[in-house]
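In the two complexes that follow, chain A is the common piece, with chain B as its partner first and chain C second.
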Partner chain A sequence: MKRLILVSIFLLLSAGCAPAYPIERLGIINTIGVDSDNEDSQALNTTYVYFQFDPNAKNINEIISSKAKTLKGAREKANVKSNFQLVPGKLRVLMMGRPLAEKGVASILDTLVRDAKITDTMFLAVADQAAGDVLHEVFQRSTTNVGNHLYQLIDTNVDQEILIRTTLRDFMHKYYDIGSDPVLPLISVVEHMPSIERMALFRDETYAGDISIEEGFFIKLLSGRYQSGRIELSLPIEEFENIRQKDTDQREEESLFLSLSELRSHNSIKLVSKEELRFQSDIKVQARLLEISEQLELDKEEVVKKLEKAIEKDINRQINQLLDKFRELKVDPIGFGSIYNAKHPTTQEEWRNLLPEMKLDLNLNVNIIRQGIID
Partner chain B sequence: MKKRGSRRGKSKELLPSSIENLKTNLQEAMHNNPDFQMQEFETGSQRMLVFYISIIVKKQQLNNHILTPLLEGDKQWTSEKLSNALPLGNSVAQTKMEEIVDALIMGSVGIYIENETELLTYPIPDQQKRQVDKSDKESTVLGPQDSFTESLTTNINLVRWRVNTGDLVTEKMIIGERVPTEIRLMYLKSLANKEDVQTMRQRLQDLVVDRIEDATPLTYYIEDSSTSIFPQFYQTELPSRFSYSLTKGRVGVLVDKSPTGIMAPTSLFSFFESTEDVYMRWNVGSFIRILRFFALIISALLTPAYVAAITFHYEVIPTPLLTTLGSSRAAVPFPPVFEALLLELLIELLREAGARLPTKVGQTIGIVGGIVVGQAAVAAGLTSNILIIVVAISALASFTAPSYLIGSTIRVIRFPLILMSGILGLIGIMASICFLIIHLLKITSLGRPYLLPMYPFVGKDFSKTFYRLPYYFNFKRSYSYKPQDMIRFPKKKSRKMKDIDE
Partner chain C sequence: MNPTNLTIKPTMRIKAFYLFFIMTSIQTGSGIMGVPRYIYMQSKQDAWISVLIAGVLVHIVLAAMFAILNHYENTDILGVQTDLFGKWIGKLLGTIYIIYFFFVLLSVTMDYIQVVQTFIFPRLSAWVLASVLVLLIVYAVMSGLRVAVGITFIFFFLSLWLLVFLYKSVTYMEITHFQPFLSASPLELLQGARHTSYSYLGMEILFFIYPFISNKEKAKLATHLGLGMTTFLILLVTVISIGYFSPGELPEQIWPVLVLFKIVEYSVVGRFDVLVVTEWMMVILPNMILLAWMISHITKRLYHVQQRKVLMVVAILLLIGAGITKHEYFILQFINGVAASGFWIAFVYPIILLPMVWLKGKWKKSKKAGAKT
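Take a look at the complex of A and B:
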């Protein structure tokens, strides 16, 4: 009995140890925008979008900005402006302004990784202007729920395999890995709504350049696998001149457009020769052809074969273009360096210098497995 | 033998005696009971005394089977002749006053022929009892509907009728120093584990108590751990459930004046089994049984989890839910623990009021309490509407347990859980669950672990406890309780289908 009383007293006292976060008093941050300050290059302009549960407020979203030297300090300062306790436990998106990204983002992300309250699966993004401006504009000019909107924008596109998964964990993994660089979505504002227009390439922690979403497709083709991807291609029409069914179509076009969906790919990259810095990649692609701008006799095997060959050629061309771009920027989002590093340990700097000499042999095998159902 | 009260102190030679003497002795022994009647008759040259307590004997039987043959045609009677002649079988020759009084109280008629050395009693008790009725505490959709009544004879009748085998043993015991109550220990001789039978017998025999109120309080005297909140013996008012357990090798106890049968040993999980699972197809039965286990978890943990998440762990709430939860919480002036306790208390009040009031009023109270008060509480900003759903679901889930006892246990457990979750959040819930599990591991039912077959682990019995399998897999009895005979039916034969009679 005595022990029981002791235990209950202990329990009651220990109640003070667990800090309570009753949700009605919290401002639950879901999106942060971080920018470097124009005047003070060391300061950070931070914008928070958070949920607040005020029974009298019309909008549960609220936006607040503050300026401080560190991210945590910025939150303290923002707290002073809000009647709710700002907490980062449900942070889903961190958007960094382009000027900041050009300076380097590692110091900001580092604190996020250390904080156990912040989920590692939150998305990172780069804004093509100041991140705070993007958030403010969308918050003020559109009716949408900014925080959720940004998260869902990235999440649905990642789910549909249009974007490469760019969570905090993925970013830090690529950042710390020797011979591979992170990629983030680049968000711009189009008609007051956020939109992912391009993808930002990073060299280590600094913004190096950008590529289009279509080019981003090849990064994943080379570095990962597709379960159900899609791609739109345009092939030169001359190759199909003799098999094209002209009688139904009077239009004169320069290219043949087609769209592949439910694309599955499998890929393996090997280092073939260390001296030549030559890699070999075997990519197998299976896809469904659902849309094509010309009438081709797709039930004939040789037509399909020819089409497949043309697709391979085009993808090959696009990949080589992209690799040229990477070589020029000295970035390695595909991670050739880590393959190299696995066999021949190197350092980040060494690999950066080697990168422009890197060569890739592509063995691409495209297989169109279905062309849709035609009666 | 145990001593019973102070009533039986002196024991001097009573018989033979004169009618007058006996009359005064009896009158004294019966404490001048106004219902005690003595009639003096003379047949031939003999005087005889017929005495009984008028309101507990069957008058018709007394007249037709005792008085009529006794007084017809001036016979010369002796006690021996009488016991042969009367068409009632079970006459008892008595010489001691205490035993005579005991017999009279049990509804016997005493006949004494003057100057004989012994006196005859015939039990013709007139017990008031209700008809065998439909069970309303443990109602089932499928299967037998009858339930035990307060009469032991009826109850034994119901069980014997179901388990009509010579193997069924019913041991009679009398418990109660001041008010003796008859108890029957029932089991199947060639099946029930002998140790279990012996343990149960021992506990019943060793029990010294002035009076047992009912079968349920009896279990509180003889169960393994009286301080625990968990019932350790299964109690049912369904004869079908009672006989089902007997045929599974369990030990049963029936108590006179109680409509409840006790069964042991039992595990925590058997409180979530219903006979209905057996009548259902195996797959449907499995689904319903698993549903009940989920209901157990929901009813114990849903409200505490809500309180913990709202107070401490906003991170675990999915974002779309967070916004609705937050806006419904925003208007509530109390901390979440207090809010949850308030609503849980309201539900408990409703349940208690519904149980105490007559059925017709009870329904009205349910509507008033549930709908009107619930709606008004939300409108007044006392509680959030999501909590109402949470509390209602957990209350509903607690009623799915087929045993009323375990249902109320879970409802009570919920309160400390809510408090702990309000004090320490998920850590508090975890600590409470650990405490509960340790406690459950420690308690036993008739000496057998309470968490069988989970701990000690008996995988073969899972199909009898947590889910069910088609009948041809159930050719063995449960390993956990070690019945004397494991095999229910030959395995080979069960798979054979007889499609065409040749």
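Take a look at the complex of A and C:
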């Protein structure tokens, strides 16, 4: 018993040897913006948005910028400017400026992955200008809490399956995988608020081009599965000329607009021919038709079938357009290369050269299961 | 006096049932944190086959160990060695075991301290952590084998729940990482199997704990099941690691299994990996306690020194050893050295010993038969 008490006392006391981190003295970094410097090509301009738990402070958010050769060095320099100890344990978003992304981001991300303090679940994003400018502008001109806002902006859109999940882990995984390239949200400032306007395509570690959010939809359609996605389509109206209920709507429009929601998809890609580099993708889509700009007799089976066919045709066209873009940029966000690599081991460079010759047979099956409550 | 056979007081004996937990706990410790990486570096996406091969081989070694022990009435390896090689060589071999177990113990301590410093407290001195661990070890071993085994039993269940939280990384797995199947050559597969050895170290404990088992007829089943559990755990983390990490990523991870938990996140526990590293103390502590018990037990058997005194010396050496090492490369090299020597001591040695025991038995019999006629 005496021994037990002695041991307990010692263990209790030794807890005091661990360094303490009183929360009032910590600046908890929430968002980092990294940019390459204009004058010194090796230096990094880093902007930190952090939380402070000072009861007297007006704003719980604070922003600080510093310049150094490495990320860690930048944090040390920022620490000197701040009356708080900056800690990265709860880092949520890392935003990289576009000029930096064009040069390559692997060395920066590598230091983050190496650091056990940094969570793998933080989001990455690219700013369409300097990331520091985006953070500063939003911080100064808007009342919103910029760090949290950015995080929630990405998080809710990923949750709603509008964006592809782009955490640090996802990026590094795609970057290291042979025949697969990462995609990140591209953030611009619209009316002093950050907004995800487009998506940035990466070739390995460098920014290669961008696509719209709508085009981004097809990346996930081809590479993953939707549980509840949404898409807006415009179909040529001629196809529906004879089944259109003209009497109810007098508007003359060139296209038929419709929006599908609660979209569930399932897809499988396989390599059919190695020589031709031909892939085959079977995609099954189930969706609910929520909005349609024309009055169609949707209670008739042939009308629904016709509509489904038209949708399939349109999605097919859009996917092929997107693939042309990928072939031209030599990027592979869908990961055809990793499917190829699984059968015929290759290298990243070899695949990069093969990529423009890649072909895809698309078997698309769209199924509209429900409409609204009115026929 | 016959030095070969031991008589253990009934109050000191333990049930064969506990061998399951002893086996799993002494093998699963610091090795499993990094093992997928080492296997993967050898046999790539077929690493899981290497684990299966290693599993089968280790069961054979275990069967050989049982064959050696069952050849005698109630003895441990020290008795066997004395019987085979005589007093002095027996003592020498026993001393090698002491030194070897101490190095294993030291490597586990250094590895865990390194993990804590990397993941949680970079500024915390190794001395503090080492003294906390050493104190707990001394406290448990001083209370005797039965307490050590009890701790093993309880901590097994207290750390088993960690497995549940691998579910998140399972959902991130990709089947393409396993393809193409069977691209590693048989040699690579075997080399991968060899690299699991650090994670299987500790099964030698059977050689020392066997005389303490009260119902020996059940010992085989419990021990093999315990070993099977270890194989299952190694297989599980290896398969998940291959699926989760990219081919380029896995060889770069020092502790891939801990990184698997970095993806787990809850609103209450933002950083689950910190919790895992803390909890890992419950995984390595039984490991260290059993090793320390073996060191003190062997020294007592060989040199008739009081177990308590041995323990104090071990504690001080361990504290110094773990306190002064700082460099990661040294620790990694040290572990590699321990793993390499462990491969010979734990797996090859019993296989060599078995035919000798058989021969000696035959020789004895023929001598007896000769004496009679």
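Keep in mind that, in the parts below, the second predicted complex is superposed on the first by the 361 of 375 C-alpha atoms of A that agree within 3 Å, B and C clash if a C-alpha of one lies under 4 Å from a C-alpha of the other, contacts with A are read in each partner's own complex, and residues count from 1 in each chain.
As a working rule, a contact is a pair of C-beta atoms (placed from the backbone, for glycine too) under 8 Å apart; a residue touches a chain by one contact, two chains touch by 3 or more.
Computed from a predicted model, the values in this text were never measured in an experiment.
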{"item": "Partner chain in contact with A:169 - chain B first, chain C second, else both or neither", "value": "second"}
{"item": "Touching partner for A:24 - first (chain B), second (chain C), both, neither", "value": "first"}
{"item": "Partner chain(s) touched by A:120 [first = chain B, second = chain C, both, neither]", "value": "second"}
{"item": "First, second, both or neither for A:137, with chain B first and chain C second", "value": "neither"}
{"item": "Contacts of A:11 with chain B and chain C, given as first, second, both or neither", "value": "both"}
{"item": "Which of chain B and chain C A:3 touches, first, second, both or neither", "value": "second"}
{"item": "Touching partner for A:90 - first (chain B), second (chain C), both, neither", "value": "both"}
{"item": "Contacts of A:343 with chain B and chain C, given as first, second, both or neither", "value": "second"}
{"item": "Common interface positions of chain A, toward chain B and toward chain C", "value": "11, 14, 18-19, 89-90, 117, 119"}
{"item": "Chain B contact footprint on chain A (complex, rising order)", "value": "11-12, 14-15, 18-24, 26, 28, 30, 51, 53-55, 60, 87, 89-90, 92, 117, 119, 148, 151"}
{"item": "Footprint of chain A on chain C - complex, ascending", "value": "118-119, 121, 123-125, 128, 131-132, 135-136, 139, 142, 172, 174-176, 179-180, 183, 245-249, 259, 262-263, 265, 270-271, 273"}
{"item": "Residues on chain B engaged by chain A in the complex (per definition of touch)", "value": "310-315, 317, 319, 322-323, 325-327, 329-332, 335-336, 420, 423-425, 427"}
{"item": "Chain C contact footprint on chain A (complex, rising order)", "value": "3-4, 7, 10-11, 14, 17-19, 89-90, 116-117, 119-121, 169, 172-178, 338-339, 341-345"}
